[in-house]
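Structure below; questions to follow.
Think of it as A, B, C and D in the order they're written, each chain with its own count starting at 1.
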Amino acid sequence: MARTMITGGKAVLPTGAQQVDILIENEKIAGIGQASSLAQTDNWIDAKGQIVLPGLIDMHVHFLDRFMGTISLHDFFTGTRAAACGGVTTIIDFANQKKGGSLADAIEHKRSEADGHVVIDYGLHAEITDPTPAVMKEVRSIIKAGVPSFKVYTIYEGMMVDDGALLALFEQTSRGGGLVIVHAENNFIADRLRREYLREGKTGAMYHALSKPNIVEAEAIGRIAYLAGHLKAPFYIVHMSTREGRQIMQHCRHKGQAAFAETCTHYLCLTDSVYRRRDGINYIISPPLRKQEDIEALWEGLHEGTISVVSTDDASFSVESKRMGKDSFDKVPNGMAGVELRLPVMFSEGVLKRGLSLERMVELTSTNPARLFGLFPQKGVIQVGSDADLVILDPQKKVKLGMKTTHMVTDFCSLEGLRVTGYPVMTLSRGKVIVENGKFVGRQGEGRFLHRKIDFNAIRNVR
Amino acid sequence: MARTMITGGKAVLPTGAQQVDILIENEKIAGIGQASSLAQTDNWIDAKGQIVLPGLIDMHVHFLDRFMGTISLHDFFTGTRAAACGGVTTIIDFANQKKGGSLADAIEHKRSEADGHVVIDYGLHAEITDPTPAVMKEVRSIIKAGVPSFKVYTIYEGMMVDDGALLALFEQTSRGGGLVIVHAENNFIADRLRREYLREGKTGAMYHALSKPNIVEAEAIGRIAYLAGHLKAPFYIVHMSTREGRQIMQHCRHKGQAAFAETCTHYLCLTDSVYRRRDGINYIISPPLRKQEDIEALWEGLHEGTISVVSTDDASFSVESKRMGKDSFDKVPNGMAGVELRLPVMFSEGVLKRGLSLERMVELTSTNPARLFGLFPQKGVIQVGSDADLVILDPQKKVKLGMKTTHMVTDFCSLEGLRVTGYPVMTLSRGKVIVENGKFVGRQGEGRFLHRKIDFNAIRNVR
Amino acid sequence: MARTMITGGKAVLPTGAQQVDILIENEKIAGIGQASSLAQTDNWIDAKGQIVLPGLIDMHVHFLDRFMGTISLHDFFTGTRAAACGGVTTIIDFANQKKGGSLADAIEHKRSEADGHVVIDYGLHAEITDPTPAVMKEVRSIIKAGVPSFKVYTIYEGMMVDDGALLALFEQTSRGGGLVIVHAENNFIADRLRREYLREGKTGAMYHALSKPNIVEAEAIGRIAYLAGHLKAPFYIVHMSTREGRQIMQHCRHKGQAAFAETCTHYLCLTDSVYRRRDGINYIISPPLRKQEDIEALWEGLHEGTISVVSTDDASFSVESKRMGKDSFDKVPNGMAGVELRLPVMFSEGVLKRGLSLERMVELTSTNPARLFGLFPQKGVIQVGSDADLVILDPQKKVKLGMKTTHMVTDFCSLEGLRVTGYPVMTLSRGKVIVENGKFVGRQGEGRFLHRKIDFNAIRNVR
Amino acid sequence: MARTMITGGKAVLPTGAQQVDILIENEKIAGIGQASSLAQTDNWIDAKGQIVLPGLIDMHVHFLDRFMGTISLHDFFTGTRAAACGGVTTIIDFANQKKGGSLADAIEHKRSEADGHVVIDYGLHAEITDPTPAVMKEVRSIIKAGVPSFKVYTIYEGMMVDDGALLALFEQTSRGGGLVIVHAENNFIADRLRREYLREGKTGAMYHALSKPNIVEAEAIGRIAYLAGHLKAPFYIVHMSTREGRQIMQHCRHKGQAAFAETCTHYLCLTDSVYRRRDGINYIISPPLRKQEDIEALWEGLHEGTISVVSTDDASFSVESKRMGKDSFDKVPNGMAGVELRLPVMFSEGVLKRGLSLERMVELTSTNPARLFGLFPQKGVIQVGSDADLVILDPQKKVKLGMKTTHMVTDFCSLEGLRVTGYPVMTLSRGKVIVENGKFVGRQGEGRFLHRKIDFNAIRNVR
């Protein structure tokens, strides 16, 4: 029985960071203590001067994503490989329902694209784009089958669900143990503004942002919160970008609502000024990048606990595909790659610059997504019995982010040139080293599909 | 110069009811005091033992209304005649925009139907059903032309405006001095439920109510309040029917928002139990009748000032037209006649039974609509210089409401059999007696179109 | 029967300012209208170009006040004379209970000082300084005897009432129809700070202000509101001076509490910077003058309706008596004269400079105190049947306030040198001219004691 | 080097209860994992079928307490012995300042009573009863000396601090890293009611409760929260007993205030109906026992996180001393013994009957007091490196609480006859077994004084 000991590192345990050794056995964490108090082993990993974290979870990635007539550059192999290099040991992607199709088919299809290719464990959200009565009836069986989270859009004609469908879905999930995750934008406001700008010949990248002012997101979040609250259904807002959003979430939490939000790496670093650049269209995402005061509000939300998760929304469209919209912002496929960049940004910008505690960083990137999406305590924590998904961070290592240093298969890096201090140097997936010193040493297909189950009582305490 | 003196009555002045005489001259109130302190006259109206009120204003009537393929029984002559018999001296109707048409045309058309027919003064709201960019540009000139209120629906495919249009409209009205008045129901929730019931073969009148649960109204009000608040635009919710609505309005008022609501006579008297009756379809209106606890909440709202107006939403569809929907609730033209019934109900049910003060009744039915819709102080108050629109109420007179006593040209009375104490016995329009002892003695066409102008500062104090 | 007609003026009626004539007969307003519509008379007052207001009410004056070993300069003749010259036609003073004494005795005593001396009508508040069980039992009979308002202090050893007494008092007034009016300062915080400053030898006038920071007032108001709310007892905070106070009042109003506040002329004009002047001790009052942002907040409160009354707290201590505290701020008798200054300040600073409407100014200085303290509609309004207490304001007249222009018998004017536009030129008390062009022409002792009765329903609408 | 292994038990780790073995070495927890993954040892404790918890902390006990002329039965030996038998491994008592004395002296004196006698580790709160300027200056040095929590009373003449002193204290603690813990009752309200009852001859035990209605506690908590919030000072309310208190704490938490509250075992089990019993005076404590709806609210507060701690307020006055007040409730020394009863009550009534999670029970009784009072992670958690303070609970063991089963040296048990399921069967203090099967096997004087240090960032997350 092979054992591995990680020694000398500062491990971020649930009660705080601590100088402690970790014994791994059979893919699990088998013991925590000083090495002398643990069973013997010949296989040692020296983490002296390093920080040992639970492997990160990215619950928001789009691999092999088809959108606006193009497809993302990341597939399940290259996407998870880049993720692993960024310290991520679990991703959750989306199984997109086809028009008239079932969720079960969508899941089966997506699994067929992922299984055998992923290098780390993964789960799936069911994405509902055609909320027929049949699909509503299917929801509870899908939850029982290990896919208890349901993504919907309140924007994009043809994909969006209306308030009636949303309410019907909340009814199913609130009773069945599911979590609805929502891309929250008001379709009608954005649509009217978009048409207005195009009518006036205003087609540049900046008009993408102007056609989606903060209220487009804020109104949608408020409405979702109201409908969910009516049925006491938990909900989760993806890629929240605005200060107004944070205020609404504060209000929900104060009332005791099971209301959760994530933001993404780029909303914490970049403002909409990039849309004025020559390559502005490369930054077109939805919701758009915002103002500095939104950035500040989002960091505040992370500190105070009204935003519980940071993910990446990795959607790796090529520069070429982006150029489909060079004459009209509405023709640009929305999305940017980023799955590898989260840990260095959160550590360097969050922990070092903004006083985020190491413990809070771990909650935001690993423990909270594990809790919210039904992976805890298998994932998301350094605890005896948990999967030995671990990442070792060198807190001194300085890296300039960008195309030269990334493992993402993309031709554009949104954070090109950003200098960070602190970088992952080793990633273990279920006890096995898969990245070492920036080099992927794992094997394609060794990741497994995760059957998830959400504990409604436990998620209430997530902040 | 003809003068008329109303003597011996208890007049409801702005500061309270008072035993005082009123001198009328040139269509206006010329003096208030004891007759001995006023100029002499030969023309006396004895109001001993009676109550003298400012003539009622009904800002929500649908005369000559075309809806679901039928037309209302009331035209501008019969409708205003019934109104006058019920103590109403001003009505405001709706100029419905045609698809692609202008608001100016709609107003001109509606005026052509009303002028020469109305027996009392009247105004018009512009009703926007096709919010094209051209119409948005027209809004401010319409305001200047004396039609400063704009009706929109958030429900009914083909008539409704979406959130984008609503926001665009608020932008115009908030800057131009207009007031948006909204039929607030969430189209998508109601629609999904309606289709669900019909799919299940549930077609009776009660399913009309069940397909529009309280949240259908409440969500819409909350959303409208949010959008209006974003632009600091005043708004007015018509025919509010739910306790949730009242709570939202409370919340808006607490934040200092210029948020107003009306309810209607029938929402204060009738519950949805009527839908179980054999003639249940005759009561189909939107929003539907609610529960007793909603009734209680509405009365509370009237007391506390979160609901500022009681109107009738008179839409006099015949029993025959109602029967178009005898096999399917969604085929019933929504609406009930009621323009004549408001004063006796408010006095008997409100003042006598529920402790509403006489002064508050006058505010709700006359002063507040005058203030909110730009008619004050020409209308809505007994004050020197105001139009001598007056109604004399006999507080002892007992009447059983219903087809036998009404002047409405309808074949169904929603309050059939309700016994009231207190009834209007005389109505004066600009100093001229037009109803006496329940008999219309005025002349067709003597009413005038009213050019209105809303004072944004003054409406803030309306409660 | 003598009649007087005031013609040509713009009268501030309950529904707004209007060009209208007013007929006076038998001390009352007998008719309102154009003169031609009113009864004939030979006695005309020409108010062309002037504004006619209901006479002001000052519910907060201290005449013949004994405090800290000295006595105010104003007695009931000189005080009410100065008041009348400032457009005031009613004052309410305080009947101070003696230790162990009854309220009835206090009232009788104060009436003996006032009757025969006052030149305008007056009322009394009962001031409780020794809340024995006997006094608590007396409260309801005092209410019935026409003194329904009770002043208490939460500061000043020997005069203050503690929370237990306050609660006991609220119990009596809430049931009996009384209104508790509170000087709200936290005795213990102010006392500790005062002792600390004195111990450190900090004795100058500024330390008076520093020993009473905003929280001293704010905590007390919050506590009073909580205790009153517990028993649903209306309460009224005198001389509110802080932005925090306004916030608490907003909160109370939002919850529907019958919570009222006044501020005083000087808190709207002066900051604590005066305490750094050589004559700083002359400005020592309690609460102390505050910062500019408090001034702004108070004006906001007046606009929005969380502060309902502006009074003067006239306490005319001589410069000599003030100098008792020249070496120690705690030895200065607290108070400043001001009974004459309110109308010009409110018109010039409020209406002309800060956009207060004329109507709101009348509410704050006349109608609201009349309503709150049980004098309405006898006082506080221009309405048929009301007392002909009227003041005529020349909106063009420019005056430099100060010792040269005042009728107050004081040797120090807190607003010395302030230039105002708009000044009262005539005052009528019950139909009789008592001030004309700045000259008092009335007679000592013609004022009457007012029996008051508070209407709990009506005060709820006061803003 | 002696090692001990606790095997086979379900340990409540920070992430949840888990079947795991615990290795103890040098008084600390040295390893967590399955025994086979840990270092070898000969010393085994079999916890099969049992639950292993971090030792409980009771931050509210009064040993050797002098109050109202009597002294508690528990001294530091008998008190801590009973505590240990109840699963408690740390207590915090109070060092009462003498009039005019210093806090340092009070601490020294209390340590002289405790050191050499305590059988478990202990800490002290400094209790301020005479808040002189000198004492305020002393506060920060006391914090640095390891006593960072300060108890004050807002009631009891001679001991209480007023609002001025409270504010001064908050200023010191907020800057110096201290936590103020408050016995929150409004002295003046209680005092007035007490005198009123006694005057009326109402002297029975029930009048103790009636003289302290809920508002006595609620007003005080609200005021403390306001003053603390003004200076952003954390505060902690001891023995909170009312539903109103919970609401205020909710409000504070919503605003992000560092506001904490504890309740005690008896407030969760007993109502004021006991005061009607013949032995009613034995239950006299302050605040008094309340109503069933308060009990329900307190349990809700424990669930939702607005109440963070359950303690006992052990004050073991003899039945004889209680009888000093047999003729007058105000002569009864307030207090009841209870230090041993908390764990069985919380497990049986909380976990088994009310669905409290095992993890939440541990937070309330151990982890949270450790965090709030600066003992974490040395105490309050099962984690490598923490003190091996552990208690083993037999979840099946049934016990009838009362004089027969308790180790408390008292002659009255407030929970006499209460049948519980689940009872502590072994207690380890720093790795050494001190209670085994209900028998104390430790040694007097082996407990140590704990120097504490509060982390202001960390306590913010305590719920």
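By definition in this document, contacts are C-beta pairs under 8 Å (C-beta built on N, C-alpha and C of every residue); 3 or more make two chains touch, one makes a residue touch a chain.
In this text, all values refer to a predicted model and were calculated from it rather than measured experimentally.
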| item | value |
| --- | --- |
| Fewest hops from subunit B to subunit D - one hop per pair of touching chains | 2 |
| Rounded Å distance, subunit C centre to subunit D centre (Cα mean) | 52 |
| Distance between chain centroids, defined by C-alpha means - subunit A, subunit C (Å) | 62 |
| Subunit A-subunit D separation of Cα centroids, rounded to whole Å | 42 |
| Shared interface positions of subunit A, touching two or more other chains | none |
| Contact pairs between chains, per stated definition | A-B, A-D, B-C, C-D |
| Subunit B - residues contacting subunit A, complex | 133, 162-165, 167-168, 186, 188-193, 196, 199, 215, 219, 222-223, 226-227, 230 |
| Interface residues, subunit C side, partner subunit B - complex | 3, 13-16, 18, 20, 23, 25, 29-34, 36-39, 254, 256, 304-305, 357, 376-377, 381, 383-385, 457, 461, 463 |
